[in-house]
Amino acid sequence: MSDFDGAAFTRFLGTFADRLHERRDELTQLDSAIGDADHGINMDRGFSAVRGKLPELDGADLGSAAKQVGMTLISTVGGASGPLYGTFFLRLATAFGERTEVTAPELGAALRAALDGVIQRGKATLDDKTMVDALSPAVDAFEAAAADGIGPALEAAVAAAIAGRDRITPLVARKGRASYLGERSANHQDPGATSTTILIESLRDAVAEG
Amino acid sequence: MSDFDGAAFTRFLGTFADRLHERRDELTQLDSAIGDADHGINMDRGFSAVRGKLPELDGADLGSAAKQVGMTLISTVGGASGPLYGTFFLRLATAFGERTEVTAPELGAALRAALDGVIQRGKATLDDKTMVDALSPAVDAFEAAAADGIGPALEAAVAAAIAGRDRITPLVARKGRASYLGERSANHQDPGATSTTILIESLRDAVAEG
Amino acid sequence: MKKLINAPDAVVDEALAGMVAAHGDLLRLIEPNVVVRADAPRQGKVGVISGGGSGHEPMHGGFVGLGMLDAACPGAVFTSPVPDQMLAATKAVDGGAGVLHIVKNYTGDVMNFELAAELAQAEGIEVTSVVVADDVAVQDSLYTAGRRGVGGTVLAEKIVGAAAEEGQDLAAVTALCQRVQDNVRSMGMALTSCTVPAAGKPTFEIGDDEMEVGVGIHGEPGRERRKLAGADEITEALLTPILDDLPFGSGDRVLAFVNGMGGTPLIELYVVYNKVAGMCRDRGVTIERNLVGSYITSLEMAGCSITILKLDDEMTRLWDAPVHTAALRWGA
Amino acid sequence: MKKLINAPDAVVDEALAGMVAAHGDLLRLIEPNVVVRADAPRQGKVGVISGGGSGHEPMHGGFVGLGMLDAACPGAVFTSPVPDQMLAATKAVDGGAGVLHIVKNYTGDVMNFELAAELAQAEGIEVTSVVVADDVAVQDSLYTAGRRGVGGTVLAEKIVGAAAEEGQDLAAVTALCQRVQDNVRSMGMALTSCTVPAAGKPTFEIGDDEMEVGVGIHGEPGRERRKLAGADEITEALLTPILDDLPFGSGDRVLAFVNGMGGTPLIELYVVYNKVAGMCRDRGVTIERNLVGSYITSLEMAGCSITILKLDDEMTRLWDAPVHTAALRWGA
């Protein structure tokens, strides 16, 4: 039985692109406080480009679709989030291969591979106060609940991402621009962890619509 | 009989210097509106230097005292007001010569010579909206009343200076920086006409104190 | 007032001390506050000096050196220098071939330079003066103070300095300076006011959606206040009156100078230059040389000015000639 | 937002177009937004490229030309460029002797350059990278992103570019760049914030009596906010940690670089330099070369940074070597 297919993937990309656009200023505001005021702008630039590519993805297998997305992000976003989100989708692509649909456990394995890619690329560990602190618990929660089906698994993942995003708000950043602020980075919500949470939410909602 | 002597001249210089210092910001404000925000600063710089020279002037004849003042202003004020006020005092010096005291009519003639010097140096005519519009009527009024004595003559000069200063406020400037503003220079009080009015007032009060 | 200064009345002296510390190979300071070329006087060479209020850096001190100025006289901020300075400068650079005074057309500058010239001539030094008055924002009229001297001054100092360096005599150097003046036009605008240190607050108030068009270089308000516009529209508002004034026409070869007022970063000046290049192309005017940067400023004012000089072969050759100053350097 | 721009997302492209229009003799633009030295590639010469977010002008595009960079990759404002740009730049300047990437230490810059280097190596081009991390405001630690790359980058690009120009090979050029990095330290401060065009409002709010000490070059707040102080006190707050860090000591010969953040006029930078010169004198540190001006900026931010490089004979010789770029030029 299919839990996640190309249609769900493109729905997810469209939803994520819409929400990044809607929340562009919010993300940029968060980045103003502890970064350089461009995270919303960067993500919106990248996913507007991805939206433009959606027609081409129509009918493509999950692997080539995810690869297209990853390459597009790397070529349009720049900054730290470009290579990181780009790597996320390139690793999804490798995991999906030529499959046109995957089961919840398979999606979980793909998300795990994507997380590992982000960690390799950015060398961030938990509590460095980055997107990893939202993504990592989300992947753990998804895998733990995958057996109950993709819906519940994604619900669990969203809850974990939100919890992770908020858990690190009080922390002092050790990676990314926020680390330059030292103590002053404490008690500010991390922009990347916020956009990553939006990613997981978009995934859940896109699947639910299916 | 003596109407104006070295003591009165130094009293006048001290009074004028004090008032320029007190009204420094007011003059600079006026110059901000239609100039470059430095008239009060320039005049205060120049007459603080003059104040420093007062001890030396003690006992000097009127001519050499006035010359000292003129040279000091030329060397310390800069801007348009430096050469203009400097010339004013240099011409007074020539008129005073080696006299140690002068009568009201003689003072009137000296002021006339000083006015002519300012006009020659700056090439301003009446209604150009400059210090000349305060100085010129003041000298006319002084000469007309000189026969009544120096007190009444200076009272008349002050009234004429104030009237001249205010008469040109509505005008469009044709000389000095204010002229660069064109129509926008209208309805602003001229800084130089204001400092010149303060000069005449200081002269009156210094003489009255005697 | 937010500035990197210590005390308002120490700014000029401390900045001069810093300049001399940084560029001791090019210049030295003599009393009373005159920036003199290190190797002045040069026997047989016409001396070229200029001066004006401070707050326009790098003008004029940054232009003292080989192939440009022999001395610069910095006054208090926005206040023309005193004759004593120009007299000392004239004596310090006189190599027996006479001295040219390049004077920006401001009542104060003109009168103080006049006094200095009279004193220098009284001491037997041959002095000529050329008054630069290139600001098209101001009506050119005999009944007023006339046009301000702005960006054209920078170009005049470079070209005329090169002529003096190659040994042209006082008459030739003076005539050339007048020729530059006759062929150069400028106009400026401001996005923000600036603060005269001794005054302590902005010279004028301006709204976030307003700009001043037709400003000079002393933080004074401009000819008119307008609604804030985009860079292209602003460039048109400045360049059109400039091109129409001389006028500059098809086939003319020019030097285009986009200048920052002090608080405007280079990225914005290049956006303006991009439009200047396009407009000149459309008019058939060939930009043969250009200069983009903040060379004649109004303290920290944000804004820009545009200057266009109609070149002839001699001017172009002298513009290209070696120059080695703190602010302009090439061929050396 | 008061800027001389047309549309926020057009700023970078229009400024680049203006740069190429003004400096067509030095550089050209290739897809995707790469500023390349006009005569690149030069056979047998090591290529030297850099890049980073825009908003730091003249860095890096203004440093492309003889004796400095072969190409520069400008990203969006304050956003590191994408690998496609560095790959295109690397290919465009490769003269068969390999290409050095000078990377400022920001997570984004490092990762994007890494990706580009992997792609270029996959295409058979020899690529080395040196990461500049000279900002002493940030603790140097293995557990964090480490120090930012700031003013030292400008000095590295000039010195290393000269070495490549005189024919040194990739290993030597790379080692030299590392040596500059190991001997340079910087720190910066801000009087005002700046506004990212696409964001439309200042990155941070700051009071009239406050300043940010320990800022980078991306308009980010600094290490700490302090009460506004005078130029001398500010200079001490920046220079003392710099001198103590390497440390720089008596007998050292250095290059002192006082940099403006974009909105600060030259007159203020000279006031700061005056204090820098005095402090170095007191410490027995000899300033052998200096640079004063706005070369690595944060849009229109008002403020300054100080960079001190411990020189050796080779660095001094290469600093003096001819350079001809839009922003730095001498000996040519």
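Miscellaneous remarks
Read from first to last, the chains carry the letters A, B, C and D; within each, the first residue is number 1.
Note that in this section a residue touches a chain if its C-beta (ideal position, glycine included) is under 8 Å from a C-beta of that chain, and two chains touch if they have at least 3 such contacts.
Because the structure is a prediction, the values reported are computed rather than measured.
Under the touch definition stated at the top, subunit A and subunit C share these contacting partners: D. Each chain gets a centre from the mean of its Cα atoms; the one farthest from the centre of subunit C is A. Note on chain placement: the centre of subunit A and the centre of subunit B lie 76 Å apart, centres being C-alpha means. Distance from the subunit C centre to the subunit D centre is 29 Å, each centre being the mean of its Cα atoms.
Inter-chain centre distance (subunit B to subunit C, centres taken as mean C-alpha positions): 32 Å.
Centre-to-centre spacing of subunit B and subunit D amounts to 55 Å, using the average Cα coordinate of each chain. Contacts with at least two other chains are made by no residue of subunit C.
Residue positions of subunit B touching 2 or more other chains: none. The touch graph of the protein chains shown is a line.
The set of touching chain pairs reads A-D, B-C, C-D, using the touch definition from the header.
Those residues of subunit A lying in contact with subunit D across their complex are 28, 32-38, 41-42, 45, 74-84, 121-122, 174-177, 179-182, 184. Subunit D makes touch with subunit C in their complex at residues 2-7, 11-12, 14-19, 21-22, 54-55, 57-58, 62, 191-192, 208, 211, 228, 230-232, 234, 262-275, 277, 290, 292, 294, 297, 299-300, 302-304, 324, 329-332. Within the complex formed with subunit A, the subunit D residues making contact are 53, 75-84, 106-108, 111-112, 114-115, 137-139, 143-145, 148, 196, 198-199, 203-204, 216, 218-221, 223-224.
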